[in-house]
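Each of the next two complexes has chain A plus one other chain: chain B in the first, chain C in the second.
Here is the complex of A and B:
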C-alpha cells in the first residue's frame, strides 16, 4: 500500500478494504471486460443515456481503481496501464459517497445481467461500508443507522410507542370481532409463529399489522409478536455496515429463541426478507436454528389448508405486481407472491419485464432516506413509471414496504393515478370472516375533523401518507403537497382551513412558504401548523412578526398531532380516537 | 457469567434494557457529538421523553471538544442530570486514549454533581464503530479504577442494548 499521500480517513478506508476482500469481491473487481451489458440493465443509465457516469462499469471502476492501486500487483507495478489510482483526500471520499449512495440503489439488475459474473451491487455495498466506517455517509443514512443501533429499529420507534400501538390495534381488533381473544399476543411463549415487522408499519401504516392480525385470528393461529427484536429490516444491508447487519439480525433471532417460537414469520418486506432470512446469519457470523418464512408463504398455506376462505370478488380493481429487487433478484422469491395474488384478485395483469428482470421501484431498500439524491432518483424512475403505465391497471401490488414508498413516490411524481397495495391487505380484504367472529357493527359517529379541509406539506412520502391517513380517519378532507411551490399553489386554489407545513424541504422551504402565506392578503389568515424535525429552524419562524398557529416536532406522535390540530382549529371537544 | 463487581463499598453493574427507561438512576450518560445536537438513536429518546428543554440548554452550551462532558437537566425524564459525553468516533486517531479520558471526565463530573447512581450505554460501540470489546475493556477499567478512589458515584450501571453486548461486557468484567 502507498500510504504517504493519503489523508487519515482515506488511509483507513484503504486499510479496511484489504480486510473486506474475499473471493466474491475480488472476482467482481477483476472480471469486468467493459462490454457494456450492464449499462442496458440500469434504470439510472436508461433514464440518463447521455451521462456515462451512471454506467455500472464506470461506477465500479471508481472502486476498482483503488483496489488495483493497492491490492493488485498489476496496479502497483503498471498503474497507468490498468487505470489504477489511489484515493487520497477527504474530497475524493465524498465524491465516492455521491456515487455509491446517490447513483445506485443496489438493485442488482446489472449483476444478474453481467456475462462475466461481476456483482456490482456487492462492490457498491462494500464501498458504502468503508465510507460509513470513517463517518462519511449521507445524513439520512446516519440517522437511520443510529436509530437501528441504539433504539433497535430503523425508525426510532421507542419501546413504549411500539407496545402502545399494538395495544390500541388490539382494542380495535377486539371490538371488530367482539371477542376478547381477538388481540395481538405479545411475548407469548411457545407460539407457532413469531411475527416480525417493518417499523414503517408501526410508525406510518399500522393497517398492515391489523390485516395480518385479522388473518392470524381467523386462521386460529398460535402466534405472537415480540416486545424486542421485532424489526426484521436491517439497515446494514443498505449502509454496508456488516456489524450492524449482524447485530440487528441477532436481536431478531435471539428473541425468537428466548420465546421458544417455532417459526419466525417475516412480514412483507424485500429488504427485511433478504437481510433476516438470507444474509443475517452470515453477518452475525454463525448459523441460527431459527426457521424462517415470508408471511406470503404463511398466507398461502392458510388458504391451501382451508383455514381462511376467500371471496376474491371483493378486490374489484385491476392489479399488476411489482417485484421487489431484494425478493426477486437476491432471494428468488417471485412465484409465490403471484400465486397468492391470483388467489385474492380476479383481474391480475403482469407487468413487463417482470420477476428477476423487473425494474427497481427506485426506493432501493433505504434510498428514500437520502433526500439529497431525490431529484436524481425520481428522474431515474421514469423507467418504472413507463412500466407501470403500460399495464393499464389501477393498483400496483408489491410484497415490500420499501417498494410501497418508492412506488408511491413514482406514482405521485409522474401523476399515474395508481394505488399501491400489499398482499396482506388484499388477502385480509378478500377473507370471508366466519359468522362466529363477525359481530361488530360500526356505529356512525360524527368525526372530529369532519368538514375541515387540511393541506399537508412534506417532502417525505412516508410522512405525507401518515398525516393523510390519520387526518382522513378523523373525517378531514386532505390535500397533499410534496414541495413548497405546490403548497403555495394549493393554498391559493383550495383555501384550506389548515396547512401542516414541513420546514426543511428542497427548493422553496417551509420558511419561505410561511412568509408567502402571511404576506398574501388572500390567504394570510390561513392557519399554519409547523411540523419540523429541526427545532432550530422552528425558532427562525417564531421570530417572525406573526407566528404560526402551532407546531410539532418530528417524529410525530399521533395523539399530540390530533390534540394540537384540534387546538389550532379551536374545536371545542377534546379529541378522542375514532374507531 | 457475572453481572456485578464490587469495588470496596461501590458497585459496577451490567444489565440489558433501554437506557432512558431504567428507574432509580440519578444521572444518565449520552454519547454526544461535538456539535451537541441530540440527533437520532438514544438522542431520539431523549428528545421525545425529555421535551425541548434539553436541546435548548445544549444550544446555549454551543459545542464541545472530544472528551468534554456537558451537563443538562433531564426535562420530563426521571433523571436529575444528563451527562453529554463527547467521545471519539469512527476510527479517529487515538481512539483508546480519548475514550478513556471521556470516561474519566464523565465520572469526575458525576462525582462533582454528587450523583449516587449513574447509567452508561456501551460507550462509542455500535454506530460510532468502536469495537465492543475495546469499549467494554476501557470503560469498565476506568470505572473500576475511579470507584476505588472516589466518594461518588456509589453505583455505575452499564445498560446494554442486547445479549450480544452484555456477553462481551460480562467477559471483560469476569477478567477484572
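Here is the complex of A and C:
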C-alpha cells in the first residue's frame, strides 16, 4: 500500500536503501538517542545557531525516518511514535538532496563526537548515493561524476592535455637542471614509485607536479607517472556512488600493477588519499596488492635518509597547519604532515582545535562543485575563518587540494589576507639542490616508436608522405597503402602493430577495411587508428561492436598524432621508451 | 505481604523480564541479519593504533569524558548522564534485590544512598525534559517516544525513592506502584529508545574497529595551542 503511494524514483530510493543497509548502518540508524551532543560539533550549526535544521541529528533523522518507516518494525507499527515517515514524492527527494548535499560536508566531526558511535557521515553518504542512483543530485555532482566515468578523471582532462602538460613541465625541469635526464618519466616499468595526482594539478596548479618532480629528481628516485589511471581522486566518495568509487580506484590500482610499480604514491589530496588508500578496496569489493602511501611520507623519508637536504630559512613566513577531514578523521593521518612541516619551516603555529578535532575547510564533501549551495557554505565558513585568524599566521598549509580551494575561498570571503600552501611546495622551496651537472639516471637511446611496424593508409600521397616521415623519425618501420585493397593485403601479410586508416577512399573505403580487419581472426586484434577529414564518418564507425583504438581529425597536428599513437600503442609497451 | 504485592514483586517481574528478553533476542537477531561490511584496506595511521585498540577505546569512550570535544564542552551534561544512568542501573538492581535479597537493603545507609541517587535522577530527568522541550534543536528532533521514555524514567525514579526503604509493613502502596512501574518499564523498553544500550556495543564495536584500523582511534586530542606572536 505504501509502495503505490510513492513516485517511481521514491520507490527506487526505498528499495535500494534496503540493499545498502549493513550492520554498521543499521546500528547507526537505530542507536541515536537524540541527546544532541553532536549539535555543536558541526560548523554549520555553529555558524547558524538559530536554524535547528542544521543539527546533525536532525539531518540524520531525515534518512532515519525513511528507514524506520520501511525497515524497522517499530516505525512500521507506530510511525507517529518514533517519527517514522515515508518518502513519497520527487519533491521529498529534492528536499532530501538539499540536506544531504547542501547542509553537510561529510566531515565526520559529529561522528567522532557522538557518545553512541553513530556515524552520521556514513549515513549521509549513503543517502547521497541513493539520490544519485535516481538522478537527483546537484548539477556539479552530475557533471564531475560523468567526467570521471567517461574521461577517467574528475576534471575531464583529456589524455593529450595531460601528456602535453607533463611534456612541457619536463622541458622546464630539463632546462632548470640542465640535465636531459631531468624529465617526468611516463609509464616506466618497474619503477619504485608510481606517482598519482589530482587533475586539479594538471588543470590549475601544475606547479605542484613540478615541485614533486624536482624532489624526486634530486632524491634520485626511480619513479614514474602513469599515462592513464593517474587520477587518484574519486568523486564516488562525495556522490555516494560506490560503483564509481570502485571503478575509479580500480583504474589506479590496475595501472600500477600493469607497470609493475613497487609503490603507489598519492599526491597531497585528502579525499584522494582516503578514497585510494582506505575506501577503494571496500568499494571495489576486493583487496588490492598495491602498496600505497601519501607523498608526505615519501618526502619525509627522503629527508630522513639524507636524500634531500633542506634549508628551512627559505620559507620565511609564519605557518599554521589545517588537517584535512579525510586525512585526519578517516585515515589517522595527522602527525606526519606536522613532522614534515616542522622540518621545512621555522615558524609553525598550531591552530586550535586540530588533528581529528579540526573544523572542515567547508569545501569538503564535494561542496566546491555545488555552486547552488555556495552562500550557505561561505556563511558556515565563519567558524573556519575565526579559527584561521586566531593563529595570527600568514600562511595556512594543508595536505589537500580540496582544502586549498575551500580555504582560499574562506580567506577571500572573510578578507583574512592569508595564503594557502601545500607541503610539496614548501619542501621543494626549502630543498637545497646539490651542485652537479647531471643526475646519474640512465638516458634511453631508443626512439619512441622503435620496434613498431605501422601501416599508413591514405589515398592522398601528401598525407602518406607526411605520416611516413613523422613516424619514421620516431623510429617506426612504416609501410604505405594508397587504397583499401592494398591495405587489407598488407595487413594480412605484414601483421603491423598499428594501421592508420583514412575513411574516405575510392574503392574499398576505410569503413570496409576496418570491418574486414575486425572480422578476420588472423588480424582482428590489429590496432586501428582512424584519421579522417570527415568526423561524421568517424561517428558511424565508432558505433561498431568493437570500435577503433583511436582517432584523429584532419588537418593532422604532428604532436597530436604522436601523442595519440603512443597512447594507442602504450597498452603494450610504448612509454617504457620515453625514459 | 499481600498477595498482590507478592505477585507484582515476583511473577509480574519475571513475566516482564521474560517478555523483554524475548523481544531483545528478536531485535538482536534482526540486527545480525544484516551483513557487517569489511575493511579491506591495509591498516593505516600512526604507530600504536589497531582495530583491537580501536574497539576497546570505542567501548570505553563513554567513560572518558576527556576523549570527546562534546563531553568536554558539555561536562555538566555529561555528569548528568553519568548520575542518571547509574540511578537507572541501581534501580533495576533494586528490583531484583528487594524480592530476592532483601537483607542487602536493610542498612539505612544503603537505602538512603539509593534514595539520594533516585532523587538526583528525578531532578536530572526534569532538567532534561526542560531542555528537550525548550531547546529548539532538541525539540525538533524529539519524538513522542523520546519524551515518553524520559518521563517514564523520571517518574519511575521518583517512585523508587519511596520504594527503596522496602517497608511494606507500613503500607504496600509505594512498593506496589514501584513494581508495577518496573514491569511496565521492562515491557516497554525493547520498543523504545531506552533500548539504545542494546545497540551501543555494536555501533561502538564497528566504529571503533574501522577507526582503529585507520589509525584514528585511540584518538589524539587537539594539542594545546601555542601562544601566537600577535
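The definition used in the following text is that the second predicted complex is superposed on the first by the 434 of 579 C-alpha atoms of A that agree within 3 Å, B and C clash if a C-alpha of one lies under 4 Å from a C-alpha of the other, contacts with A are read in each partner's own complex, and residues count from 1 in each chain.
What we mean here is this: a residue touches a chain if its C-beta (ideal position, glycine included) is under 8 Å from a C-beta of that chain, and two chains touch if they have at least 3 such contacts.
Source: prediction; values computed, not measured.
Enquirer: After lining up the shared chain so the two structures overlap, which partner does A:133 touch, if you call chain B first and chain C second: first, second, both or neither?
Expert: first
Enquirer: Please indicate which partner A:158 is in contact with in the superposed arrangement: first for chain B, second for chain C, both, or neither.
Expert: Only chain B is touched by A:158; chain C is not.
Enquirer: Quick check for you: in the superposed arrangement, does A:146 touch first (chain B), second (chain C), both or neither?
Expert: A:146: touches chain B, not chain C.
Enquirer: Applying the document's definition of touch, where does A:8 land relative to chain B and chain C: first, second, both, or neither?
Expert: first
Enquirer: Report for A:250: first if it touches chain B alone, second if chain C alone, otherwise both or neither.
Expert: After superposing on A, A:250 lies in contact with chain B but is clear of chain C.
Enquirer: Return the chain, chain B or chain C, that is in touch with more residues of chain A.
Expert: C
Enquirer: What residues on chain A touch chain B, complex-wise?
Expert: It is residues 8-9, 12, 133-135, 142-147, 149-152, 156, 158-160, 228-229, 243-244, 247, 250-251, 254, 535-536, 553, 555, 557 of chain A that touch chain B.
Enquirer: Name, in rising order, each residue of chain C that touches chain A in their complex.
Expert: 31-32, 34-42, 44-46, 49, 58, 61-62, 68-71, 73-74, 77, 81, 135-146, 191, 193, 196, 199-200, 202-204, 206-208, 210-211, 214-216, 219-226, 228-230
Enquirer: Which part of chain B faces chain A closely enough to touch in the complex?
Expert: 18, 21, 39-45, 47-49, 52, 55, 59, 89-93, 121, 126-127, 129, 161-164
Enquirer: What part of chain A is in contact with chain C in the complex they form?
Expert: 21-28, 30-41, 45, 50, 52-53, 55, 57-58, 61, 74, 78, 80-83, 111-119, 277-282, 285-287, 291-292, 318, 328-336, 349-358, 390-393
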